[in-house]
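Working notes for the structure below.
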Amino acid sequence: MDLRALSHLLESYKRGDLDTSEAVKRVRDLQYEDIGYARVDHGRATRQGFPEVVFGKGKSRQQVVGIVERLLKHHSNVLVTHTDADAYGEIRNIATDAEWHESARLIRVMRDRTPRGVAKISVVTAGTSDIPVAEEAALTAEAMGNSVERIWAVGVAGIHRVIAEREVLNKSRVVIVAAGMEGALPSVVGGLVAVPVVAVPTSIGYGASFGGVTALLGMLNSCASNVTVVNIDNGFGAGFVASLINRRWEPDAD
Amino acid sequence: MDLRALSHLLESYKRGDLDTSEAVKRVRDLQYEDIGYARVDHGRATRQGFPEVVFGKGKSRQQVVGIVERLLKHHSNVLVTHTDADAYGEIRNIATDAEWHESARLIRVMRDRTPRGVAKISVVTAGTSDIPVAEEAALTAEAMGNSVERIWAVGVAGIHRVIAEREVLNKSRVVIVAAGMEGALPSVVGGLVAVPVVAVPTSIGYGASFGGVTALLGMLNSCASNVTVVNIDNGFGAGFVASLINRRWEPDAD
Amino acid sequence: MDLRALSHLLESYKRGDLDTSEAVKRVRDLQYEDIGYARVDHGRATRQGFPEVVFGKGKSRQQVVGIVERLLKHHSNVLVTHTDADAYGEIRNIATDAEWHESARLIRVMRDRTPRGVAKISVVTAGTSDIPVAEEAALTAEAMGNSVERIWAVGVAGIHRVIAEREVLNKSRVVIVAAGMEGALPSVVGGLVAVPVVAVPTSIGYGASFGGVTALLGMLNSCASNVTVVNIDNGFGAGFVASLINRRWEPDAD
Amino acid sequence: MDLRALSHLLESYKRGDLDTSEAVKRVRDLQYEDIGYARVDHGRATRQGFPEVVFGKGKSRQQVVGIVERLLKHHSNVLVTHTDADAYGEIRNIATDAEWHESARLIRVMRDRTPRGVAKISVVTAGTSDIPVAEEAALTAEAMGNSVERIWAVGVAGIHRVIAEREVLNKSRVVIVAAGMEGALPSVVGGLVAVPVVAVPTSIGYGASFGGVTALLGMLNSCASNVTVVNIDNGFGAGFVASLINRRWEPDAD
Amino acid sequence: MDLRALSHLLESYKRGDLDTSEAVKRVRDLQYEDIGYARVDHGRATRQGFPEVVFGKGKSRQQVVGIVERLLKHHSNVLVTHTDADAYGEIRNIATDAEWHESARLIRVMRDRTPRGVAKISVVTAGTSDIPVAEEAALTAEAMGNSVERIWAVGVAGIHRVIAEREVLNKSRVVIVAAGMEGALPSVVGGLVAVPVVAVPTSIGYGASFGGVTALLGMLNSCASNVTVVNIDNGFGAGFVASLINRRWEPDAD
Amino acid sequence: MDLRALSHLLESYKRGDLDTSEAVKRVRDLQYEDIGYARVDHGRATRQGFPEVVFGKGKSRQQVVGIVERLLKHHSNVLVTHTDADAYGEIRNIATDAEWHESARLIRVMRDRTPRGVAKISVVTAGTSDIPVAEEAALTAEAMGNSVERIWAVGVAGIHRVIAEREVLNKSRVVIVAAGMEGALPSVVGGLVAVPVVAVPTSIGYGASFGGVTALLGMLNSCASNVTVVNIDNGFGAGFVASLINRRWEPDAD
Amino acid sequence: MDLRALSHLLESYKRGDLDTSEAVKRVRDLQYEDIGYARVDHGRATRQGFPEVVFGKGKSRQQVVGIVERLLKHHSNVLVTHTDADAYGEIRNIATDAEWHESARLIRVMRDRTPRGVAKISVVTAGTSDIPVAEEAALTAEAMGNSVERIWAVGVAGIHRVIAEREVLNKSRVVIVAAGMEGALPSVVGGLVAVPVVAVPTSIGYGASFGGVTALLGMLNSCASNVTVVNIDNGFGAGFVASLINRRWEPDAD
Amino acid sequence: MDLRALSHLLESYKRGDLDTSEAVKRVRDLQYEDIGYARVDHGRATRQGFPEVVFGKGKSRQQVVGIVERLLKHHSNVLVTHTDADAYGEIRNIATDAEWHESARLIRVMRDRTPRGVAKISVVTAGTSDIPVAEEAALTAEAMGNSVERIWAVGVAGIHRVIAEREVLNKSRVVIVAAGMEGALPSVVGGLVAVPVVAVPTSIGYGASFGGVTALLGMLNSCASNVTVVNIDNGFGAGFVASLINRRWEPDAD
């Protein structure tokens, strides 16, 4: 639960600005809010340091807008992933500062730009076609207060390309690597750096790439021990967890 | 490359303790050492903060012993995973302080016990049968300078068990969760904490668990955004990457 | 065979309202009716307590309408699943009281609203995107004489949401849980209640969710022993079997 | 929590038979008991109507015996599945009335034989080779207070065999069907009865039966709407859920 | 090679109607004809008793028409499968007697209607949605000189429907069974008859039917020994091989 | 039902050799016999022209012997597949004329050697390692009254080997082809002959042969239209169905 | 690095045509050129004897055009695969001599036609539908300086068709074979020739062909030892590697 | 057919050393020899430049010895793969110069050591555990007249190890790369050299390596265009095809 929000609320109640039943409802809403088709989980910001992201796929446009509206009442930064330009059109009605990122198919509202990381996060792709997924990771990491280094198209068939970036990589607290096809780049990057590597398989490829399964399996079997893996095309998840790794450790804050 | 080791070596050379050809060989060996059936990668300790672990499966006993022997000349802490008691018998001949961990099937030499983490690492299992894999993770994390909290058998079918541990979990810098069968525990733990969760699917189960594949897929599709995944039964990898996450960030040290 | 219908028929025959050949045909039709492209199985209502549902996919619109027409001659409640608004348009010509449920893509005729359950049936979803499949289950259970409690969006990444519903769940004779992605919710619900849980994997997710296969495997491997599983997106089957479980046991009725 | 056990405990405390710290420990143990390698979940008996079953695979013999010992302090009936005759030898030391069921590879302690079902449960197999899995289901159902009808070897290639049993099947409140190979029997049985059918795929077969996967898939795609499915070879789960379905509904009991 | 056609050709040559080079080309064309994008295999009629069927998918419309044109110069009956109404429009220009079968998506030219079978061939479906594939089989069998009995929609969930057709089935020399979903019908039919059953899995179903894979696996594991299987949706192949089985055996004819 | 056996039985009853209750039991036994762990299906001989084969795997030795004993009371020829030499040792006690076929792991009792086929059956293998499966097919076909031509090791990498056997193949009424690895031989044989080809994938191979799955898939996708497929290593099934194809058609016999 | 290009560049610099910073940039560009969304790998021409091919899928049209523009500044021959006619329209603006190959969906610029092979390369297809993939291979091989023999539609069901081409095949230095469905043709061709066979599985087929997986597996398990395999539909890769095999060996050239 | 052998044979016949029937048999034997359980394919030496290799798995020891005996009558060099030390014991009785290679589990008779390659073949492994498969490739290539460079344990997690071998690799006419786990090494090597790379996936790994499937898929999806792939653990095939690539091209020799 957001303790500062709770303090404000209790003070309002004490001052008589809220009657008891309204106060009860608002305290509960600090935890989650039931809007029929969704239980918007406001408590997650406290538990995980970021509001619930909205996964756009399989939800109607009204549902997406409705959830974003509730989230923006409690939080500064909100993301909608797997969405489209039409949803963006509607969300701009309730948030004129919303950004539309075409290649990542992501809507971002970013009102809080406080830096929260101990160092940079590098986001690396094997090929040009992997950029949309990598952008989703980069945009997420930025929304969570990180400075991001983008390194595009340094796949293993031209190994000198990634070695040329070794210095930049070694200054990052964590490296995200997005790759499709055989998914070999995380292993090579993992061998070059001394920090965690978050590997994102992409669905780029054809034939026996099976929509990213080959890249996923390759990454899970990486011979570099510092590699962990998220779901195929899950740039958001990679950016999220990288942000948690890069966050300054303040054990008392929780 | 281990810069301190290199300084010592160069000084010896200057003092005349080493002739030139020997010095050249030793500088190169700081990087990796070719012993015929293996190229022992001493440089990895610098690059990743830990010596190459020896994966015992598919290597002959002599090969395992030979590699460990070389590693111990350069490093304080060494692990052998996927091994057996017989290999341990032979390794004790060259390292009398080697430990044998039966359930994890792991040999550990641990001469350096310097603490290196900013907080504790929690290692959690869903069931009793997942303990061997979790132990591999815990033993690795300890060997890399971490203090480990073991929380066994808090699977989701009795959800109150894991919720009871919420306080301990929230004090950890990173949580490792090992689970077989449906692999649901990382999602629940992920929703309870604000730190990265490293999920390890185990091969525990039968029928449609497919040797851990079901748990692996479940973890990759986790609805908790702070979950990343390593290979089935890869306790070592989970412990390794958790140690990197928990390490104090000193950008100049590299 | 519907014994009451048979009695009526035989009495008509005795009274001379029917000649012999017509009587033979009608007795046979009580069992099933051959309309060329289908054998409409009227006997199933007796055998299973509900008329044959019409699976719309792969049938032409005329075939769907033709089958529904025959079914409505013998039965009060009829469902068409996996269908579309156009089919609904035509079915309204033969049944003006037909309902169209957009999200579930289901047509329902419900003329008999006799309650037949011993308690409520709860239908639970992990996310907003799982609602269409859950609605198919809920609409089916209602058509079979049950009172349904809908509990939407209580997925495991915010475990407090489902625990908050514990009381309602524990008053149900059977709980249906629809979930996509890692499909972990049935295990958690299964651990909270003492009644059967019918788990419905949904095709919601992306990447390694494989169109619901991951959720399906997770549910089959549930560590909660009271969980059984139906096919991916098979809301109808879940609602059907839950209705049979909730039905008052009257061994003589059959 | 077992309310009767709690009353007894509190009364003892009131009478002074227990001091405070012991009372606290025992109240907590009513919920679950932490014995290091396991958290024995005594609360599950209340939540689900049966003590936690012990899954023997992947646990050491001492662990199995230790868990059973704790369970028997709180419960009358205990099952160990996926175990062997050696474990049985040791369990007899702590429970002389334990039974060993060779074909099902199951240990059963059954001190409470109160009938709890509204009708019989039928357990059916397609072939002789499916009997061990079916026996696991039957032994579980009996341990949970049910009377079981065993119907062996009535597979679909001789369809008259199962039709001959139609009368018996129709008197059951629920039918369990175990089948390997193509797994077609549940569909046929499902079409004959008006009650829930719990289908258990078995790993019997060869070649493209893939250790029960073919039977599993066949059952999930059953054209009979009253069929639900459990994991391959999961006789215990089938017996458990069938017992819950057959239990007399007493909503106030919980 | 078509011996009668060869005799005619050689006689023409003898009479001087053909010069030598033309005769050589025609003799070779009796075997196969190279038209650039295809080698039309005229010899197959002799080798297998029927001209090469044209698989429409992946070929341009001109290629389909071109191949059919060549085939009609040598053969009376020609089939095009996996095609569309547009291709039919063009083929009618070169064969006004071509038939278009919408549900099976098949073009048929059938100029030779000589009966060639020793008995009837029964073609059976489990559901209404399986009819298109079954029609492909039936149309093929008719084109190869067989009399076909169509039995639609007798799936195993209403087992009395197929048993009612037992007499008809037992008069057939071979039975084709098309079924999707769990694919159980061939096993039941196989147990009822004493002749070969050719099973055709169809792609009908959803979720874990995997586009016919479940039905295919079920049929391959049939417990009825007289069942063989062809590819998913391969009605043509089933009709073809059933025709070969039903053909009168005249060992000298070849 | 075996009509001749039924006549004999009824005559015995008329003569008073059997009392009524015994006669009832025997009439029913003509259909199937319940021996507890199995329902021996004597009616199958009539329905399919051969007694139920005993699948040895997963049955205890006593069960196998018990079933064979019952079968031999009603039938002349009996097969046990997937069995071992020890079972053979016991079966010889009840049938001294039983044969043990080591490579096929099959026991055969063959007391009736009446020829029943219209022509020979050819059994072909791609390699030496496929012979055991092919032998199972050949022994079955012989037991069902056929003369068998064995053609071993004519795989497609030396295509002249199978072409050299073309003449023999073309005199067969049906050809069985057993092949592992890529499973290409049935396509080639299918293109050479004008009769049905029954393809048996074998589990021979390694790596991506996946225990016969590759061969199975190859055969299902055969570009030769006269190929049908049975389960991996199912020599028995291939021999059985080939025998049905080769049988003289006598429609009145049934 | 292209040594001749480097010489020219250095000479220009010496002559003063380039200032130092421009020279540095150009030397680096000889290796690879960073254009934001891609690192165009000019060094690959030297390392592998051909410029980087552009994989069109997943790249925007502007990205494709941009990359081609850079490649044409350094290289004579450029290919774009997996592209469309619209991209071709734009590429003609920057390269009027670009060719559009509709069936292969490939754009080719071919300004250097120097022959580089020691013999012909044969490209063979099993069916008409495999031609587009085979064309991609043939066009690539030509662009790399080879003379190509196209042999279409000689699939194994008419084995005489491929045997008729034996002489041509045996004059090739390497044979490419494209086949879908069961993918058997490479094994047969492999048995006929004494040179390497590069097998390309195509996605042609339906049902259990699984988009080319069956053909792929068949080729990997080929019983002919001279067969290697590339990805499904990867005509480009097959043409590329065949060109490397066919190239005259000049060890000093590198 | 081996033309030189045929000349010798015909001359013997002319001289009267052979009578006609013997000559006929020997001419035919030059093509292949039927020894009951195998057709030994002597013609393959001519067609492919090497005698048929004997695949030991699934053959009895006598069969292996029998085939080797026949092969040695016609050929100098013979290999037996997938075999064991016992088979070696017996083969030494008929070939005292046979070698036993323990790690590769391969028997080699090598009487002809004529060099036949234009350059060296490099054989590379990712790890120590991949050596047995790589040895099978190396021993095969040597038996076919090549000089082999062995480069062990240069996996991608220490990328400097393989880069250090760049010079050796670039002098090879073809490179074989054996790797398990994620199978990334062939892509890196492929990017470093301008010659064909034959990739061999090995079954080394655990969990989601699926016995080599992950490595196989990774190699098939390699972003390096000069990589082709053979079956998992198929060292023999890789050595064979590499030898064909390395062979001097003499088009008239065939």
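Think of it as A, B, C, D, E, F, G and H in the order they're written, each chain with its own count starting at 1.
Note that a contact is a pair of C-beta atoms (placed from the backbone, for glycine too) under 8 Å apart; a residue touches a chain by one contact, two chains touch by 3 or more.
Bear in mind that the values here come from a model prediction, so they are computed numbers and not experimental data.
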Determine, using the mean of C-alpha atoms as each chain's centre, which chain is farthest from chain A. F
Please pick, from B-H, D-E or G-H, the pair whose interface repeats that of A-C, with more than half of the contact pairs identical by residue number. B-H
Chain E to chain H: how many Å between their CA centres? 43
Express in whole angstrom the distance between the two chain centres, defined as the mean CA positions of chain B and chain E. 60
Where the CA atoms of chain A average out and where those of chain G average out, how many Å apart are those spots? 39
Euclidean distance of C-alpha centroids - chain A vs chain B, Å: 27
Please set out, as single numbers or ranges, the residues of chain E touching at least two other chains. 44, 127, 157-158, 191-192, 207-209, 213, 216, 220-221, 225, 231-232
Going by the touch definition at the top, which pairs of chains touch each other? A-B, A-C, A-G, A-H, B-C, B-D, B-H, C-D, C-E, D-E, D-F, E-F, E-G, F-G, F-H, G-H
Contact residues on chain B for chain A in the complex? 44, 46-50, 53, 118-119, 170-171, 173, 191-196, 198, 216, 220-221, 225-232, 236-237, 240-241, 244-245, 249, 251, 254
Complex contacts: residues of chain H adjacent to chain A: 126-127, 155-159, 163, 181-184, 187-188, 190-192, 205, 207-210, 213-215, 217-225
Touch list for chain E against partner chain C, complex: 127-129, 131, 152-154, 157-158, 160-161, 204, 206-209
Can you list the chain E residues touching chain G in their complex? 31-32, 36-39, 41, 43-44, 55, 57-59, 63, 67, 82, 201, 203, 211-213, 216, 231-234
